[in-house]
Amino acid sequence: MEPLMAFVVGGMFAASIYMMLRRSLVKLVIGLILLSNAANLLIFTVSGMHRGLPPLIAEGALLPEGGWADPLPQALILTAIVIGFGVLAFAVVLIHRAYEVVKEDDLDKMRSTDT
Amino acid sequence: MLLAVLSGFIVCLLAPWLTRSLGDRANWVLALAPAALFVYFLGWVPEIAQGEAITVHYPWIPGLEINMSFLVDGLSLLFALLISGIGTFIIIYAGGYLHGDHRLPRFYAIMFAFMGSMLGLVLSDNIITMFVFWELTSITSYLLIGFHHEDRNVRWLALQGLIVTVGGGLALMAGLLMLAVAAGGEFTLSGILAADGIHEYPFFIGMLLAILFGTFTKSAQVPFHFWLPNAMAAPTPVSAFLHSATMVKAGVYLMARLNPALGESELWFYMLGIFGALTMLTGSIMALRSTGVKAILAYTTIMALGTLTMLIGIGTEGAIIAAMTFLLAHALYKAALFMLAGALDHETGTKDVTKMGGLRKLMPITFIAACVAALSLAGLPPLFGFIAKELMFEAVLEAEALTTFLAILAVLSAIMIVTMAAVFALRPFLGERKETPKTPHEAPLSMLIGPVILATLSLIFGLAGFIPAAALVQSAVGAVYGEPIAVELYLWHGFNLPLMMSIAAVVLGLVLFWKWDAVLALFKRLTFIDRFGAERGYERFMDAIVAVAEWQTRLLQNGSMSNYLITIVLTIVGLTGWTLLVHTDTPIPLGVLDFNVYEAVIAALVVAGALFASVTSSRLGAVATLGIVGFGIALIYVLFSAPDLGTTQIMVETLTVILLVLVLFRLPGFINYSAPATRIRDAVVALSLGGLMTLLILAVNDVTVTDPISDTLVEWSEPEGHGRNIVNVILVDFRALDTLGEIFVIGLAAIGVYAMIRFRAEDKAK
Amino acid sequence: MRLFIWNILLGFVWVTLTGNFTGSGFLAGFIFGYVVLVFVCRVSGSMTGYTRKIPQVIGFTLFYIWELILSNMRVAYEVLTPSHGMRPGVIGLPLDARSDAAITILANLISMTPGTLSIDVSSDNRMLFIHAMHIDDEDALRADLKDLERRVIELLS
Amino acid sequence: MNAMDSLILRTATRFLLPLLLIFSLFVLLRGHDEPGGGFIAGLVAAVAFSLYLFAFDASGTRRLMWMDPRPMLGWGLFIATLSGLPALFQGKAFFTALWWPVHVPGIGSVTLSTPLVFDIGVYMVVIGSVMAIVLALAEAEE
Amino acid sequence: MNPEVALPVVIPFLFGSLSIVLYKSNAAQRWLGVIGTGALLIASIVLLHNTYTHPDGVLTIALGDWEAPFGIVLVSDLLGAVMVLMAALMGFAVAIYSLATMGSEHEKFGYYPLLHLLLSGVCGAFLTGDIFNLYVWVEVLLVASFALLILGGERAQMEGAIKYVTLNLLSSIMLLTAVGLTYGMTGTLNMADLVGRFAELENQGLVTVVAMLYMVAFSIKAAAFPLFFWLPASYHTPPVAISALFAGLLTKVGVYALFRFFSLLFTQDTGYTHEILLWIGGFTMVTGVLGAARYYEIRRILSFHIVSQIGYMFMGLALFTPLALAGGIYFIVHNIVAKSNLFLIGGVIYFLRGSHELKEVGGLWRERPWLGIMFLASALSLAGIPPLSGFIGKYMLIRAGVEAESWGIVAVALGVGMLTLYSMVKIWAEAFWKEQPEAHAERAAQFERTVSERSLAIMYLPIALLAILAVLLGVGMQPVYEVLMAAAEQMRDPQIYVDAVLGGDE
Amino acid sequence: MSETLTAIIMLAGALLVLIGALGAVRMPDLLLRMHATTKAGALGTGMIAIAAAIYFVDTAVTVRALAIVAFVILTAPVAAHMIGRAGYFTGAPLWDRTLKDELRQRLDRHGHYLHSGLEDTDDTPRGDRDSQ
Amino acid sequence: MIEWVTLATMLILVLALVLTAVRLVLGPSLADRVVALELIALIAVGIIIVYAVQVDRAAFLDVALVLALTAFMAAVGFARFLERGGSGDNE
């Protein structure tokens, strides 16, 4: 599955960057969401994918039966998802406010702070 | 010793307070400080005159070889005496010149800081400490030049002086560090002068050029000479001190100081000889074109600095003797002349000699002092300047190469100096009385005591050359030459070529003086000098920097988010991708393709959703497709044994949709802002990153990890972590700190969002 | 009383979720349920008209499931055959049901039954608007719907 | 227009809200052993409150929540941080888990522990944060 | 177990969350602000002291008592401890400054909690010995900075924030990606453990590849060329206390991380990696300072200068000799002090004149000589004028460059030094020397009236503290030098770090 | 036995879901599509859950499966109602063969008021009775 | 037997998923997309349950449970969006 996922993740990275380059505020933020998802999937992929081996231990047992999928990347991704959620919630509201203030969706028309 | 050097800074701190409490008499009291220093240094004379060199060492930052080490030998003592001696008169003079100015306390403070820096510069044995003082003189002089900072022009000129000298200083720093390396890690001058193998340093030429760049800028050598006359924007006491006796000589000092170590190279000779001579000539020519009292003196200073540089470059025994003699003579008469120029300016309200006349009756003492000092400047007997000039001619004729060239330039400049000495000493005082902005009368005692004494000294030293020779010049020459040399100074040294050159110079110079008005008119028409001059070069350079800055900022920081993103993405792809291609040897293996159809379909849907979201023109379509992507990812997590991830992904997806719909309806739909070509460009950029990520994953996938740390965590989970959901045990126990950070992120985001929404809402309410 | 039933219900939910079918398990669920209800009711006030009779609930549930199955077969037929046979339309159904619960249950039930989908209730809660796949025989349809409404009202009475 | 004014949604919400809340408590408490945990539980509760918000209005949701979201998230953060400190008094490093086995009726022999306190902190933070955002947005709209 | 290692994280967490709880009382938040940052400062002094006096020079704490490499370990080596101290110092200075300058609206909407939590993120990033944990800290400080950046809700803030947020998120995601790849290659997250596991890998080229990803991710955070766009676009938009805090701390986290990663983890191919860093450094210096040359707005000038100064830090890392590394760290330290102070002074100018535009302000040297002196101390320090702190940093770096015979970077560093001076003097000449322009005199007078002498005194307090520090760091360099050289020696010998973390230091 | 039952119910559920999906693609307008998705989707998923309950033969699992069924069936009509009415109100076009529409003219979009048409026939208006 | 049954079920569900995704892409109105999204959520519930059976791990049912409970929130959100004046048609 990993080689297949390599292309999936690559495709997601490409799609998100393309989206962020569209100059639209809304697309920018959706692109960011996609990008964040892509990174999470990347971690999931590179740390190995296993079917049907959740890292859960049955009651009374000491280890998950039949082996386990690596729980550590799962914990990392979970943390990353949550962090990503917080950050993107901020970003979503930011574009909302920016649009209210600037009255403009086109990113290239928001240059006053650079030039 | 340390106290002596630092006293300037100590007085600097006290000066404002003293000035306020002492009022009008402050200058006399404050002058006691340099006077005491002068006496202190005078006390060293007998010892040093024996050819001794004394080093004193106080650790400062020993780890970096930056120490308060001092070297007292003939050269440094000569400078120290000049600085403290002339400094004494300058302080007294300033009290008169700036009488009543409310910024006088500040002025004294900076002046003392400058004096301290200058002393530190010439006395430092440690090259870094020397450099520290070197830069401090640049900064303090900047503050002094810009004393009348309300004037836009003054600010500009002060900046010019600073940029040139600091710019040179930076090169000097590199040069000095290279020198230290070349000398085998030796950071003291005494050590460097004693070191072998400096000339074998592979980057010797670069080092030399860097050092000379520093000294040339500081000492106003062509083509960096322009800042010096411009620095006359400073109050006259400053000009008298900085631009005659002290700061501009710092470069000369350093060249003299390093002469024993670097002087044997041809490059040294040619650089110093040619640039010195050209500077000498340029200074004289510029002087001839000037009508301002201070400008004339400034250009003759340039001439003097050129002369000194040239002499050090020639480097023969005679040249070094000439250089040290000339140095002393110049300091004496130039300080006097500057103070007198200030007196004229102060009393008449103008600086233009052509607007003055007939002042001899009103200002007799000034007149006499000016005549004496100017005679020394012109190099006429029986003054000390004459001895110096004769020695200079002699040294030029002895030069190993370029003899004719140097001699002609020396005579030419001598002619013009004679002219300008006459202009300065005679024009304002003789002839008819002219109307001036202020009604002149004799300047106060404080402004005359310095010039009179210094002029007198010029006379005494001329008549009794053995006094300076024995006390100062000989030991200084020894220090510069690197070995002891006997020095004897006499007015009369026979009827020889130098004397004839002098006579010719005087005669021709007086002829020029006679026709000065015509000459002036002619020279003023030569405006091309201004157009092509070094100052234009400086201005162009500064304009170019601003232009390049503009261009660069337009190019890089142009406000276009797409450009920013593309640059960053291409940097990522470039650096990482290039490394991947070049630094990993094998083609990246695809790995084992093992998947079920349904898994592949779900994975494909995720990508298809992402791609559709990125190309659709429907905003909400994109949001809804995001839902597919989110659910698809959740399914992948579940199908590959991560139930907690699946659940979290679903919840987060749901909440994200809630947020988006709460926010989105105020936003407009998608408009296509980009042309097809742009879209192709963007697609290429996007695909490059996607491709990179694919390759990275495949490459890493090829690496087999045998014992991840998670195996241990799995083992610990139930017995040690008391939990059967290993992911959760990791989250709340093994890696609780991550989770703590994570919830702080969430909390912070909420605070930020809350502020974003409510802050302005309450603004509106007001 | 309604709240008490609610609490019992939540206790059951707890027990089933934890799979801990013991007295103490139910007690815990009851306590948690109580907490949640106290929490919720501070705002919502009273919970208006919900089921009182468990048997009726069960019976009704079975009826509902049956309707679901029928509904699906009908839909399957429409989906799998060419769609020309459909005669859709939106009709308004005047309501006899009065309580929110009754109206809601009725509306949801209609959504789940053959060929009908509740769109909305009028703002004065007296008319339910329904989208139907076949209104060829509108009167029969209305009669069916009224029958369903009667059952719901009975259940909740 | 401070609600969507759907009788059906409102009624359904009254029914679903307690279910969702009790489900979130359930997910919170058993997270250490089965899928779940403070974060997921918090999100479930936040979804429940959001549902209430959509069906009714912001002020009603605030009243329902018993505590203002901002101090709630503050307390959550504070509690979560504090849960790492008791270990210090036993001479152990920050965040060393401490366990106190207690028999709780209904859940059986449950061990009270600092990780549980930590998870409760997480739970509060998630609810507080999400609701602070959602409510602020909804109120800005109103 | 060394509990003091965790304090710089725990203290701001506690004070930050308490400030959120007490969000209704501005007074309580101010008190917590000063006490919390003060406590952090004390803790960080203790930490540096203990670290320096410890025989290994490295302190660790394994959180949760889960021994490394299995749990998360916080590590205080000299580099980390010095950085923490600087962060705490800045936090304290800004907290005091804020007492006089932060509007009650800002306080009401979470300024103080954000300040605490920003500090916790920064300190956590400096102390953690775990790469994923580093990502978490980076996010903490990033989101805190997001929130601080938009506090006030003005248009410029929004526009700036969009760029800041987007580009920083891109960087975070790259970092996360790199962390994921690292775990996929090695099966560990602990930095000390990684040293050995990287060395065991067959495909060493892949390590360099991942190193590049880290380099880009951190270089974006550090605002290096050509990745700095977010900084000049946003740093001048928030209230100046916030700008000062950002200027002092945020980019330094990126720089710190580069120092950490490219001395501890990625030293297998320094000829390649550090050469790239050197080029980045050179370009960063030049582009930054040229940007500054262009502007006439104090905060914009200062913002671009941040970029430029980052280049010097890169230079120190890239040259990779002990002296260069020490110089690089010193540059960070000095820059935090001088640059932040300039922002604070810029704030005072604003409060006295009502503008940040150089063309609209003036007359300060005449009226406020002390402000002028403090400005000079900081500005000249930044410009590398001896004997102030900037000079020593420049000296160390140039000397290292000369010793390494890296003439290109030496030349660039020197030239940039001159341009730095040029733009510092520009501020001086315009704001201090020039007379107050008539056209804006009325507004200036209006602003000056609203500033009480008391609040001015509060503003002067941290400014004076930092100015004195800028001088002391130069003049009283020797003890600092010893610490920094020790830090550099540690960086040159990763085994010290590895042994301290994995060797079971109890 | 239980395996066979599982298989049958599971496959039937899946087919039902497939029908729902087909309906989503094939049906001509929004409301007609919703007839397919709401009913078939909910019931199909419910059947799959029941199949799982049969398969695992474990009370805890059974309860969970039943909970899934309950949640799906509780929420699906509510969701359908919300989308349907929102789509309808915002002007999603009806199939051109739609015979009648008794709702359109009763909607007062500005006030978001939906008239029953029975306002005059009753003297006890109950407009706000449920908003406590 | 259960292996091929789950596999077949999975394939059917995935086919349904693809079909629904087509509707989601086609739209045309937002409501159409949301309807599709709701169905996708339900299909996802089904897939997860089938998978739990396939690998014989009941723990995965919890994921389905959460999804079943919360998926309709997206619909409610979008509906709210539309009713608040968000434009439902393709822009």
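Note that the chains take the letters A, B, C, D, E, F and G in the order they are written out, and that residue 1 is the start of every chain.
One rule holds in what follows: contacts are C-beta pairs under 8 Å (C-beta built on N, C-alpha and C of every residue); 3 or more make two chains touch, one makes a residue touch a chain.
All values reported here derive from a predicted model rather than from experimental measurement.
The minimum number of touch steps linking chain B to chain E comes to 1. The chains touching chain D as well as chain G are A, B, F. Most remote from chain C, judged by the distance between CA-atom centroids, is B. Centrality by Cα centroid goes to chain E. For the interfaces C-D and F-G, the C-beta contact count is higher for F-G.
Remark: chain A and chain D have CA centroids separated by 24 Å (rounded to whole angstrom).
For the pair chain B and chain F, the distance between C-alpha centroids works out to 78 Å. Remark: chain A and chain E have CA centroids separated by 28 Å (rounded to whole angstrom).
Centre-to-centre separation between chain A and chain G, using Cα means, comes to 20 Å. Residues of chain C in contact with two or more other chains: 13, 17, 44, 48, 100, 107-108, 118, 120-121, 123, 125.
Across the assembly, chain D contributes residues 1, 4-10, 12, 15, 19, 23, 33-36, 39-40, 44, 47, 50, 70, 73-74, 77, 81, 84, 95, 97, 129, 133, 137, 141 that each touch 2 or more other chains. In chain A, the residues touching two or more other chains are 20, 25, 28, 38, 40, 42, 45-48, 51-52, 54, 56, 59, 72-73, 76, 78-79, 82-83, 86-87, 89-90, 93-95, 97, 101, 107, 110-114.
Pairwise chain contacts present here: A-B, A-D, A-E, A-G, B-D, B-E, B-G, C-D, C-F, D-E, D-F, D-G, F-G [touch as defined]. Contacts from chain B toward chain E in the complex involve residues 59-64, 66, 106, 128, 131-132, 135-136, 139, 142, 146, 149-150, 152, 155, 158-159, 162-163, 166-167, 170-171, 173-174, 177-178, 181, 203, 206, 545-546, 548-550, 552-553, 556-557, 559, 561, 564-565, 567-568, 571-572, 575-576, 579-580, 583-585, 693, 696-697, 699-703, 705-710, 712-713, 716, 733-738, 740-742, 744-745, 747-749, 751-752, 754-756, 758-760, 762-763.
Of all residues in chain F, those touching chain C in their complex are 16, 19-20, 22-23, 26-29, 31-32, 34-36, 38-40, 42-44, 59-60, 63-64, 66-67, 73, 76-78, 80-81, 84-85, 88, 94-95, 97-104, 106, 113-119, 122, 125-127, 129-130, 132.
Residues of chain E that touch chain D in their complex: 1, 3, 6, 10, 13-14, 16-23, 61-65, 113. Residues 31-40, 43-44, 46-47, 50, 69-70, 73-74, 76-77, 80-81, 84, 95, 97, 99, 111, 113, 115, 118-119, 121-122, 125-126, 128-130, 132-134, 136-141 of chain D touch chain B in their complex.
By the touch rule above, chain F contacts chain D in their complex via residues 74-75, 78, 81-82, 85, 112, 130.
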